[in-house]
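Order of writing sets the labels: A, B, C, D and E. Residues in every chain begin at 1.
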Amino acid sequence: MNTAWQVALKDLRVAGRTRDTLLSTGFFAGLVLLVLGLALGGNGGKTLEQAAGTASGAVWTALALAAAVGAGRAFAQEQEAGALEQLTLYPGPHGALYLGKLLGVLGPLLLVAAFTLPAGLLLFGAAGTGRALPWPALALTTLLGVVGFAAGTTFYSSITVSLRAREALLPALAFPILVPVVIATVRATAALVAGGWSPEVTTWLTFLAAFDVGTIILATLLFPYALEG
Amino acid sequence: MTDPAQRPAAQHPPALQHPALQLRDVWLRLGREVILRGVNVDMAAGDGVTLLGENGAGKTTLLRLLASGLRPTRGEGRVMGFDLRDSRSVRDHIHLMPVDGGLYPDLTCEENLAFALRMHAHTGDADRAVAGALRRVGLEHAAGRRARFLSAGMRKRLALSRAWLLARPVTLVDEPFANLDDAGRALVQELLGELRAGGGTLVVAAHEPELARAVAPRALRLAGGQLLDAAQTVNA
Amino acid sequence: MRQDRITTPLGIATLLLLLVAVGMGLSAPLDVNQGSLVRMMFIHVPAAWLSYLAYGGTGLFGLLYLVQRRRHWDRLAMASGELGVVFTLATIVGGMLWAKPTWGAYWVWDARLTTTALSLVVYGGYLLIRSLIDDPERRARVSAVVGIVGTLYVPINYMAVEWWRGVHQTQTLKLLGKIQWQAAPVYFVILTVATLAFTLLYFYLLRVRGILAAKEEARENRELMNDLGVRAPGLEAARG
Amino acid sequence: MNTAWQVALKDLRVAGRTRDTLLSTGFFAGLVLLVLGLALGGNGGKTLEQAAGTASGAVWTALALAAAVGAGRAFAQEQEAGALEQLTLYPGPHGALYLGKLLGVLGPLLLVAAFTLPAGLLLFGAAGTGRALPWPALALTTLLGVVGFAAGTTFYSSITVSLRAREALLPALAFPILVPVVIATVRATAALVAGGWSPEVTTWLTFLAAFDVGTIILATLLFPYALEG
Amino acid sequence: MTDPAQRPAAQHPPALQHPALQLRDVWLRLGREVILRGVNVDMAAGDGVTLLGENGAGKTTLLRLLASGLRPTRGEGRVMGFDLRDSRSVRDHIHLMPVDGGLYPDLTCEENLAFALRMHAHTGDADRAVAGALRRVGLEHAAGRRARFLSAGMRKRLALSRAWLLARPVTLVDEPFANLDDAGRALVQELLGELRAGGGTLVVAAHEPELARAVAPRALRLAGGQLLDAAQTVNA
C-alpha cells in the first residue's frame, strides 16, 4: 500500500506542476461535447426524456475518451523520462504500481468530470430548465463511472506505453471493455435527470460498483504480467 | 568528510553464506540479436567488479538482466540466493543506476530522492537523509530545481546520490564516470567506495578501467557475448 | 514432429457431422412466419456460438500461458482469436443477409448488433497488439493479458439484448434463471446438431492453425539461427 | 519546400514502418462510429433528412477526434526523442517544418477518412438506400474538412508540446479554429446526402476552402514564434 | 584510412574575412538562474576550441546559444558574420551535436543520417554518403537497426558520424568522448580532426582536456558565467 500511495502522490505532484494531463484531458472532453453539440443540432422541440438521453450520451462519450487520453499519459510520462524501468525495479508488488497510477489518474479526471457533467447537461438542455436536479446522486454516478473508466484505461495504458502510436491505440483497445460502463452510466444519468432516483438507478449503480471492483481486482492481478521486462 | 552515521547502513542480513550474484550459462536474445551467449559468473558478497567491453558488447544488457529487468532466454541466475525469475525478492536487494539516470524530469532533485527513498519503505527522517545526500554530491543549491533543468553532469550526480542513499546490498552502476568533471569522478570513487565499505556488492560498467579499479578491482570483460577475466582476454 | 493421430480423424468427424446438420437443415419443415429463411438460423446461431467458444478459448489459453509459460498455449490462443474474428464476421454477414428480408435493412442500431461488432473490435485489437510486438516472449505475455481481459466482454455481449432491448431476438436459450426453449422442438434438435458440428469444427480448425503456427515459428527460428550462425540447440525452443 | 517535404517523408516513413498510426487512427475512428451508433439509438422511422444529419454528425465527430489524436503524436514524437531541438536547428524556414508535419499528419488521416465516410453513411442509413450519392462532391468536402482539422490540431500540438505547462489558455486557442470547420463540414455533408449539390453546399465549401487556406497561412507564419527556444 | 574524396567538403565560402564566432558581453538567464554573465569570445574560422568547466557551468547552454537555439538576454553575437538573432542564416552554417544525440528512436541508423543529409538539401548520392559514414564509425552492421535499440556508445557514434557527414562550417560538439570505448575516443579525434582539416571551426565541450586538445587546442574555461582562457584560470 505504501508503494501505491507514493506513486499516486508523485503523479499528483507532477500533474499539479505541469498541468499537461489536465489540459489534454479537458481539451478532449470539451472537443467531444462541442462537436456532438453541433452535430446533433439544436435542442428545440425535444421532450425532457430525449434531452436527458442525448445529454448523458454526449457527456459520457466525452468522459470516456478523455479518460483514455488522460490515462495514456500516466505511463507515457514514465516512459519519456526513461524512468519506467526504474519504477518497475523498486521493491514491492507490481500490482501496487497499478493502484498508484490509478489513483494518480483519478485526480485530474474527477476534476474534468466535475466540469464536463454540468456543462454537458446545460449544453444539451437537460439542466437549467428551472427544475432541481439530484446533484448528489449524479455525483455518485459520476464517481463510479469515472473510476470504472480510469481502472480500465490505466490498465491498458501500461500495455500500450511501450508500443508505438499508443495515443490512438489505447482508446481503441480500452473502449470496448468500457462499453458496459458507458451503458450503465448513460442509463443512470438519463434516468436521474429525467425522473430522479428510482429502482432502475439503483440497479445500474450496483452494477457499476460491481464492475469497478471486478475490473480493479482483475487488473491488479494481471498487471505484473503486463509490465514484466 | 561527512559523518558516516548519516548514511543509512546497507540493509541486508549480516552473515551471507551464498554468493551475491551468480549466473549459469545465461543466453539472452533481444529482437533478432543474441546478446549474451553463455555467461557464467560468481561474485561474492562485498565484491567489486568492473565490467569492461566495447560499445555494444552488452554491458548494459547484462546489468538489466541482473536487476531482473530482462529475463534470460536460457540459463539461470541468482541474486543474494534468490532466483532471477523471482523478481520480487531480487528487487528487494538490488539497485540499478542506469546511464541516463532514470529521473523524473518534472520532479525536483529533492523530490526525486525522497520518492526513491519512500518507495523503499524508508522509515526515519527522509528529508534529512535527502538533504545530506544532496549536500554530499554538491547539489544542495539545486535541491529545488527540476531534474529537467539540470546539466548532464548534475543529473549523473543526482543519480549517484540516489544509489548512495539507498545503499542496497547489490548496486549495479552503468557508466558512472561519463559526463562528470574531475571532482565528480573523485566523488563517484568516494561514494561507491563507501557503499562497498558498508558491505555492499558493486558491479560497475565503465570505459575507464583506471578509475573504476579503485572501487571495483576485479575486472571482467564482455566480448562476443561471453564474460572473461580481463587479464585473460588481454593475453589472448 | 511426432506422429499426429488426432487431426485427421477429427477432421473427418467434423465433416460428417456438418453433412448431417446440412441434411437435417434442408429437410426441416418451413417456419410459419419466415418460410425457408429460418434455415439461416442453423448457420447464424452456431457461428455465433463458435465465436463465443473461440473467445473463451483465447482467454483460457492465455491464462494457461501465463501459468506455464509454454509457447504452445500462446499459439493456441492466437489461433483461437483468429477463429473468433472470422466467425464473428460470419455471424454478422449472415445476420445482415438475414436482416434484409426480415427487418428490411442490412443494419440497424440494435444493441446486440452493436455489441457483436464491438467484440470484433476487442479481438481485432488483440490481433493488432500481437502484430505490434516483435519480441515473441513479450508478445505472448501481453496478448495473454489482453485476451483474458477481453473475455470479460463475452458475457456482456450475451446479456446486451436483455439490458438494452432492440429488434434482435432475445436469447432463445436462456441461461440465466430457468432454462427454457421458446421455439418449435424440431428446430431445437437441428440447432443442437449444427452447434455440435460447429464445436467440432472449432477444435479441428484450432488444431490445424496451431500446427501451422508452430511450423511457421520453427522455420523463422531456423532462419534466424542460420543468419546468426549460432550453434545453440535449444536456445529458441527453450520453453516449448 | 525541401524541408517540408523531407519532414513529411520522415514522418510517413515512421508511420509506414510501424503501421501503427494508420491502424490505430482507423481503429479509433471506427470505434467512435460504433459508440455513437449505440448512444444515438435506433434509426427506425427516421426521415432521410434526419438520417443524413445524424450520419454526417457521427462521421465528423469521428474524424475530428481521429485528427486530434493523430496530430497529437506529430510533435510528441520529436519531443520524446529529444530530437525537437535538433529539428529546429536545421537550415530553412521554420514555417516549412509546420507544413511538413501537416503533410505527415494528412496522409494517414485522409486514408482513414476515405473509409470512415462511406462506412458511416452506410451504418447510419444515409447510404445504401438505392439512391445515388454525389460521391465526388462528398470526397471534396471530406478533403477540405480533413485538411482543416489537421491544420488546426497540428498547430495546437506544436504549441502544447514545447510549452508544457506555460499557459492554460492555449487549448482555448485551438477551439475557435475547429468550430467553424465542424459546422461547415457537418452542414455540407448533410445537405449533400439529403439533396445533392445546392447553392448552400457551394457556400459551405467555399467557406471551408477559404478557412483552410487562411489557417494554413496563419499557422505557417505564427509557427516560428511558437517554436522559438 | 578512408578516401577523403568520399567525405563531402565543408560547404562554406573559401575566403572568410570575419571571425567565425563572436560573442560580445552576452548574458543569459534561464528560469530563475543567470547562467552566462558577460561572455566575450572571438574564434577565427578554422579554430578549434575546447570548452571546459565544472558540471553545471553552462557549457551546454553556451553551445545552444551559439546554435541560435537560445536567445541571449543581453549582449550580442555573430556566427559567420550573421547576427545570432537572424536564426535562419545562422542555422545555414552550424551543426550542434547534443549530449543525447538527438536521434529518432524509430528510424534506423541509415534513415537518421539520410534525413539529416536531406534536411541540409544535400544533392548527390545520399545513400552512398550515408553508407560511408556508417562504415567510418563502425556501425555498418547496425545500419538497419533502429536507434532505440542502440547502446549508449553506438548512439554517440551515430551522432558523431552525422556531424562528420554534414561537415558544416561551424560544428559544436557536446561531450563527444562520454560513453565511448577507447577505439571510439580515437575515432572522435580522427573525425573531428578531419572536420578541422577541411576548414571547419570546432567547439568541443568536454571533461577530457587531454583528449580534446588533439583536435581543439585552444582551451577556454567557463566559470562563474564567464569565459576565460584556461591557462589564466589555472594561474588565478
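As a working rule, contacts are C-beta pairs under 8 Å (C-beta built on N, C-alpha and C of every residue); 3 or more make two chains touch, one makes a residue touch a chain.
Worth saying up front: this structure is predicted, and the values here are computed from it rather than measured.
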| request: Enter the minimum step count from chain C to chain E; a value of 1 means the two chains touch. | output: 2
| remark: Farthest chain from chain A by C-alpha centroid distance is chain E
| said: I want to compare two interfaces, A-B and C-D. Which one has more contacting C-beta pairs? | reply: A-B
| note | Whole-Å distance, C-alpha centre of chain A to that of chain B, is 39
| remark: chain C and chain D have mean C-alpha positions lying a whole-number Å distance apart equal to 36
| request: Please work out the Cα centroid separation of chain B and chain C, and write it as a whole number of Å. | output: 49
| note | chain A and chain C have mean C-alpha positions lying a whole-number Å distance apart equal to 31
| task | Would you mind listing the residues of chain A that make contact with two or more other chains? | result | 17-18, 80, 163-164, 169, 172, 175-176, 179, 183, 228-229
| chain C: positions in contact with at least two other chains | 115, 118, 121, 125, 128, 132
| Tell me, which residues of chain B touch at least two other chains? | 30-31, 71, 100
| According to the definition of touch, which chains form touching pairs? | A-B, A-C, A-D, B-C, B-E, C-D, D-E
| What residues on chain A touch chain B, complex-wise? | 2-3, 6-7, 10, 13-14, 17-18, 80-83, 85-86, 88-93, 228-229
| message | Going by the contact rule set out above, which residues of chain C touch chain A in the complex? | response | 66, 115, 118-119, 121-122, 125, 128-129, 132-133, 138, 141-142, 144-146, 148-150, 152-153, 156, 163-164
| Which of the residues in chain A come into contact with chain C in the complex? | 155, 159, 163-164, 169, 172-173, 175-177, 179-180, 183, 214-215, 218-219, 222, 225-226, 228-229
| field | Residues on chain D engaged by chain C in the complex (per definition of touch) | value | 18-20, 23-24, 27, 30-31, 34, 37-38, 40-44, 122-125, 128
| message | Which residues of chain B touch chain E once you look at their complex with the stated criterion? | response | 30-31, 53-57, 59-60, 99-100, 142, 149-154, 156-157, 175, 178-184, 207
